[in-house]
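In structure tokens below, several structures.
Here come two complexes built around chain A, the first alongside chain B, the second alongside chain C.
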Partner chain A sequence: MARNSSKSTAGSQAAGATRRLRAGIGIVLVLLLVIGGRLFLVQGLDFGGMAEAAVKQRTQVQTLAAARGEIIDSKGNVLARSVIRYDIVVDQTQNAIGEFDRKNAATGKLDTISRDQGIAELAAALGKSDEDVRTAVTGSRTFNYVARTVTPDVNDAVTKLAIPGIYSRPTTQRVYPFGAVAGGVVGFLGADGTPLAGLEQTMDSKLQGKDGQRSFQIGADGARIPYAPAQETPAQDGQSVKLSIDSDIQWYAQQAIQSQVDKVHAEWGNVVVVEVKTGRIIAMADSNAPDPNKPGATAAKDRGVRSVTAAYEPGSTEKMITAASLIQTGKATALEHVVVPPTYTINGQTFTDAFDHGYENRTLAGIVGFSMNTGTVMLGSRLTKQQRYDWLRRFGIGQRTGIELPGEGSGILATPDKWDGRQEYTVLFGQGVAQTTLQTAMAYQAIANNGVRLKPRLVDAYVDPDGTEHPVPTAPGTEVVSPKTAQSVKDILESTVTDGEVKEAKIDGYRVGAKTGTAESPADNGGGFDGYTASLVGMAPMDNPKYVVVAVVQRPQGSIYGITNGPVFTSVMSQVLRANNVAPSTGKPPHLPQFFDK
Partner chain B sequence: MSAAPNNVQSVIGNTARALSGIAAPSRPAPKRSRTPLSVVQSAPRRRRTPFVLFCFAVLAAALMTVLVLNISVSSGQYELVQLRSEQAGLLRHNQELTQKVQNFEAPQNLAAKAAELGMVAATTKGQIDLKSMKVSGTPKPAEKADKPGAAIAAPSVSGAAPAQAASSDQQEATPLPQPVTAKPKAAAASPSTPELPSQAAVPSQAAAPSLPAAGVRSGTIPAPGQKPEQ
Partner chain C sequence: MVTTPTRPKATGSTQVRTVSSPAALARARTLLRGFWPRLEGNGGAGGSSYYLILGATLALTVIGLMMVLSSSSVEAITTGESSYQLFLRQGIYAVVGIAAMLFLSRRKVRFIRGLAWPALFLALLLLVLVLAIGTEVNGNKNWIVIGPFSAQPSEFAKLALALWMGAVLYRKVSLLRRPMHVVVPVIPAAVIIVSLVALGHDLGTSVLIAIIVGAGLFFAGTPMKMFGVAGAAGVVFALVLAVTSANRMGRITAWLGHGCDNGQDVCYQSTNGIYALASGGWLGVGLGQSRQKWNWIPEAHNDFIFAIIGEELGLVGTLVVLVLFGILAVAIFRVVNRHQNEPFVRIVAGSLMIWILGQAVVNIAMVTGMLPVIGVPLPFISYGGSALVCNLAAIGVILSFARTKQESDLSTS
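== the complex of A and B ==
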């Protein structure tokens, strides 16, 4: 009995323990399940987006801005570059407190600064008046500019002031250290960074790189969490563009043409310097060139590059083309004998010269040397109308040169069927046809380069951010005339300086060939002519021409006969020869006779 | 190996079963020779304590290492941020100075400066042929010509003027190594030129190439490139 009862008591006790044990395990399991399920929900499924929100809160995504490439000249001088600048901005609501505490770096204590003092210090740091700064920081706006694009030094000074509500925002600015020197060629960017002019515009795809991106996680104090996942796509900086422009020559040419334009009160003027063997533009100078740092200060009409945009009637410089085509087609030689009358009438069109003369026994060299329209028309009419047109085209007249600048003009060369009775002859001496200064320069470049016309170019090379240069090869040229013809024409041009009327183009130590041009310029309103275009184009040294220089002034005031571009040409050409260490000329000038004896 | 038959439960619960009706002596004692008991020299038991201590030590060491590593990496991160900001500051400063140099190199600024110092451009040049020792050309000494005509304005690079204003207080303390002959002629030739101010700013900068102080915005880590700007 006792055995039984003891057994049953023991049994019930054991059963109770097991139940409790099981219940406990059950509860634990249920709790585990709940927790596990919750864990799964939170970690695995993330219904509330908590984890995502947390990661988002920690993750910082930054755009790594690609640096815009530089524009440099042929000597490596920087003409355009991007620099770090800061906009100083204000949250006016935060600034509207009477005084604030600032830690004094020297004493390590907190100084109490009044708002007025803060404003005064800020104004001093920014170089602005107290009044301006006070206006900018006072109000209820949460964002307002106090100063824009200040230098890092100024930004540091401002940040040190620790004025409440004053923040700075990094930004980039395009600066042009050489300002107006080659300003038009380099171009400029708009306020939003859009390229608006010059090479900045045409070279934009090379200059602008590709933005990168960086994402990483930060802790509450703003420092980066070392082991957290991070991604970085580096920015690809833009390529730099190396120009053929020599900024010293460019400055010299700009100075020379600006002085000339001011002196003769011309509308505008320009100078183009071309390297004969390569077609590289050494200088492209325009009067009133814009300073790309402040393009707004220059009149809109002056902001481009007139050397390639403005087409005008060139005048007598075109006689070179007529002479070259006559010699090349065998219709005349450089010493062709012509008896030139005082006036010459053909098909009812009468032509006269700029000077009075009787019947003269002239050579073709003498006709070009003294710039006689009569003789040019007499000989030039040996060419058919189509030939005259074709030869002008061959020298690049009426076609864009393809230079890397926006808004290039093609000039105006009407087809022969549209020429009127007078125009078919005037094109022989450069009236009734319009071209840019660059086109004139390249026509002469063809003669200087033994008859091979090249494509002009401003870009020498593209430079990768790591410094690798990718030179732009010289495009193969087109042969316009034979080397023999080119030599004849060179002799004519040199005799024009030695024996003809362009003696003002002489340069000590160098043999020079040159031709002047004086054209009537059509009025902008279309009614007749209202001024003149005076130009001088020349090459040197004639024993092996290396450079062609063209100088042009448009609508100078006063008598056109007193105006000469000689000093501009000689000073620029001398500077170019001197700067490039061109050896003095050797050999004897040809001295082609300007007259013939019967 | 008990003497009781195997099919008899010997215990009930946790108490020994009462032996009933079986007289142990009545059973014939099994004739089995028993191994005589003897004192066995027990193998010396290895004490566990040192091993446990060792484990704890390793654990503690590992934890400490991890902790130290973590701390050093974290502090390294702070240092990195600090150095980065210093580097960025130096880069900015360098860029600033480079820009000033480039500005001085601008041909029109050089020309203005040269004119200010009384230099005159040469208009002619001669060449000496080293082979024949002949002088060609007609070189003449440069003469002071009448005014050189047009002057191209100095580049108006923004930011140069305020920089001078900002450091004007330092400038007063720093004697400027400027020639006394410097006249404000260039300013007259090119009005609103930033050339003079920026030039004046250079010596003071050289005297105090101050870097951006760390933690200027009280209490935050200076991480200009990594901290979102407000």
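== the complex of A and C ==
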């Protein structure tokens, strides 16, 4: 530094200048080096993981929703499908502007639209009130629903309004084109898409598919950066579920049982139609069936499928099981001779019949044909208690069938050691034991199918999105009784129609076997009985049974003796036979004698 | 060359302490001793500095044009403009600037000295005009818009101030020990200019102008103790400026690591700049392929263009830019070094170098998060016509000094 005052010492001045120049360039170079070091840290080493943070900031992940599979009936009618709908949503912070510009398609110029006008237009497009829309779009939330599941038309209209902050998000809505037809069986979804009932619930894992994902990078304004890496995992759409249900017959059965329930003022009624050789459920009809499009309109207790959830005491239809076990164990034949007294007392328990009679010379067929409790107990007590229990179990009583519906009941079949003195006999004619309509149907299916009981099923096949069908094979059945025994029981059932008291089950052109049941139904409060359950179960055609139909009404009002499910049974069975082109019966009915001569 | 007197002492003491590798030490000492002569050049080939300056300047300008195109294209499309609009404008300014540079480089030192006073008055006039009819951009009022053209007089003021200081101080070199001669007239003029810029709320430019003034006084040979006083005053002045603006305080607290969580906007730019640099890694994502330029970085083509360079060209690209600035600094230093006895050249070229390099350092330090975000563009590279033209004109002045070396030597000998 030029400290001395001598002006003439140019050398010293030059030295000072040099030092300062060197200091200047030195500082500059050192700063450049420091910056270079910093760049090395930031770019070369990236200790803070900033590159990753940047990618994270720019990456947008979209869920590619898998399409939910359809539920279709055996004829291909769609019972449930998902349709594209749109949720109209708002970013309230972006909507909070006084006015905005919108290109006028007609003039090609920008129009200035006030927020109020925008709200009015949006309300009109959505068919809502201005106030509702204004409430929905005003505030500081970045996400709020303005309208949910609007149709593509409405969505188009809303999109054209180009209102800031208003977006639409594709979503799906589950629709059920057949409404209440098989409504309970098909089930429904909650508002958030959670399956809540029926096959929607049990088949969810097949139907829902697997959501895909798309990730890409965006600019701060949301535009996709074309050259940035992107990944896409396509969605795997759900499989469709093809049912054994025939929606025509289902509809018919629902109509039939509904009018029956209305006519007799019953609490409820149901009809189950089973295909004998396969265990396929052709119809499973309930009164007051829910419409899955608006399940809330149906009382909660009616939203399920009572054929599988409601167990009740079946009554005389159970006499078929008693007869089958007696014949199979060799303790009686169809034409076993029994002298039936007016009342029968055993172990202090007295049994009577629904009609008054003196001493009668009855065959087993006659006892079943006229539904005599006395004769049934007389013959049935030839079986040990354990045998009675085992045979009921063999016919599936007290066990869930494994049908693909939620909430299936197993019924109530207490073990013999828990039976009281009367119950050990009443189980022979279907009191003191409870079962579902489906269990009744499957017990009769076993007889109709030459003694082989099958697992009932609603699902015929799973269908891939590309149309490939994966049929569900029929599970091997269990032989309950021999074909010979089954034939004897079939003869008894047919004779019950031809010669016994179930003449209302007759169908022109077809040979029918059937049995009625009338049981006292235990009161819901547990105190005694407060009504009746009337049922009729039958099969046709008896030369080669193809279908079993059960019709049940619970707690009909009025005299139980005037009530018959015959018309329901015959109309549904006729419809099933006709619709499936079943040839009219051949051969002669067995006409087993109901009485014997001394 | 004169060697600094402290060096032998320092090396001597190190020698005593470390006895392990005298050979390595000797080598280091030789290297050190050779450092300054090597940096200063052999003094004979004046042409090499000329071409180094010209080459580095043109390289930086071309890199700038390229990066302005790359970094502005996406944002331009977003706002409905042509993606080439800013690039073409910058190209025109580059042509104008290079023309100005070549014109000035062909002028003699006397001519340039003659420009000093008119330039200062013009700068003052323009700065006053800015305050009167200027346009505010991002909180800074330092643009004059006339029709389709906009100019930033503060850029021109930097150049004018450097020239004027040279013209005033070179006559006073021997008087600078007396405070009055330092203070009058340089300090009043500087204070007026800095104040005018500061009134336009441009803290970054104010600080830079203060640095240029300091550099001019420093290279003129002003006693160091006066810098102490001036430095303290400058710090106080900058603090006052910072504290009086919420915007500036926000930027500074953001840089210090506070307020990032709640006030996203404040550190948004800085964070995204670092994101871009880090994304570039060693070799970059490729020219034109920056992701951060997709509206993530505000002013990507302007103050934060270095971040886009880092993302697209990687560490290699940023170091090339850094090296080019280094070459420019060393080459200017060599020119100045040869004109040690000519205070005008020394003062003007010295302050111009500090201007350009200082601005580059501040800008890059800001982008890399070492300084708060203050609106200072990167010389030659950032978008901005006034800045580019003035930067190139400054280089023109220095080139003129480089060319006139021989004549000036002849005249003094």
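FYI, the second predicted complex is superposed on the first by the 448 of 598 C-alpha atoms of A that agree within 3 Å, B and C clash if a C-alpha of one lies under 4 Å from a C-alpha of the other, contacts with A are read in each partner's own complex, and residues count from 1 in each chain.
Here is the rule we use: a contact is a pair of C-beta atoms (placed from the backbone, for glycine too) under 8 Å apart; a residue touches a chain by one contact, two chains touch by 3 or more.
Keep in mind the model is a prediction, meaning the values are calculated, not measured.
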Examine A:228 and indicate which partner it touches, taking first as chain B and second as chain C; both and neither are also allowed. second
Determine, under the contact definition given at the top, whether A:354 touches first (chain B), second (chain C), both, or neither. neither
In the overlaid three-chain picture, which partner chain does A:42 touch, first (chain B) or second (chain C), both, or neither? second
Check whether chain B or chain C contacts more residues of chain A in the superposed model. B
Once the structures are superposed on A, label A:17 by its partner contacts, choosing first (chain B), second (chain C), both or neither. second
Regarding the shared-chain residue A:218, is it in contact with chain B (first), chain C (second), both, or neither? both
Check the residue A:83 against both partner chains and state whether it touches chain B (first), chain C (second), both, or neither. first
Which of chain B and chain C A:97 touches, first, second, both or neither: neither
Tell me the contact category for A:248 with respect to chain B and chain C: first, second, both or neither. first
Which chain A residues contact chain B in one complex and chain C in the other? 7, 10, 218, 221, 223, 225, 227
In the complex, go through chain B and note every residue touching chain A. 12-13, 73-74, 76-78, 81, 89, 92-93, 95-96, 99, 102-103, 105-108, 111, 123-127, 136-138, 148-169, 205, 210, 212-213, 216-218, 220-221, 223-230
List of chain A residues in touch with chain C within their complex: 1-2, 5, 7, 10, 13-22, 24-25, 28-29, 31-32, 34-36, 38-40, 42-44, 46, 48, 50-51, 53-55, 57-58, 217-221, 223, 225, 227-228
Contact footprint of chain A on chain C as seen in their complex: 1-2, 4, 36, 39, 74, 78, 173-174, 177, 215, 218-219, 221, 223-224, 272, 274-282, 289, 291-292, 294-296, 310, 314-315, 318-319, 322, 325-326, 329-330, 333, 336-337, 340-341, 346, 350, 353-354, 357-358, 361, 364-365, 368-370
Interface residues, chain A side, partner chain B - complex: 3, 6-7, 10, 60, 62, 77-78, 81, 83-85, 103, 105, 124-128, 147, 149-154, 156-157, 159-160, 162, 167-170, 173, 175-181, 216, 218, 221-227, 247-248, 250-252, 254-255, 258-263, 289, 291, 293-294, 297, 508-509, 571, 574, 578, 583-584
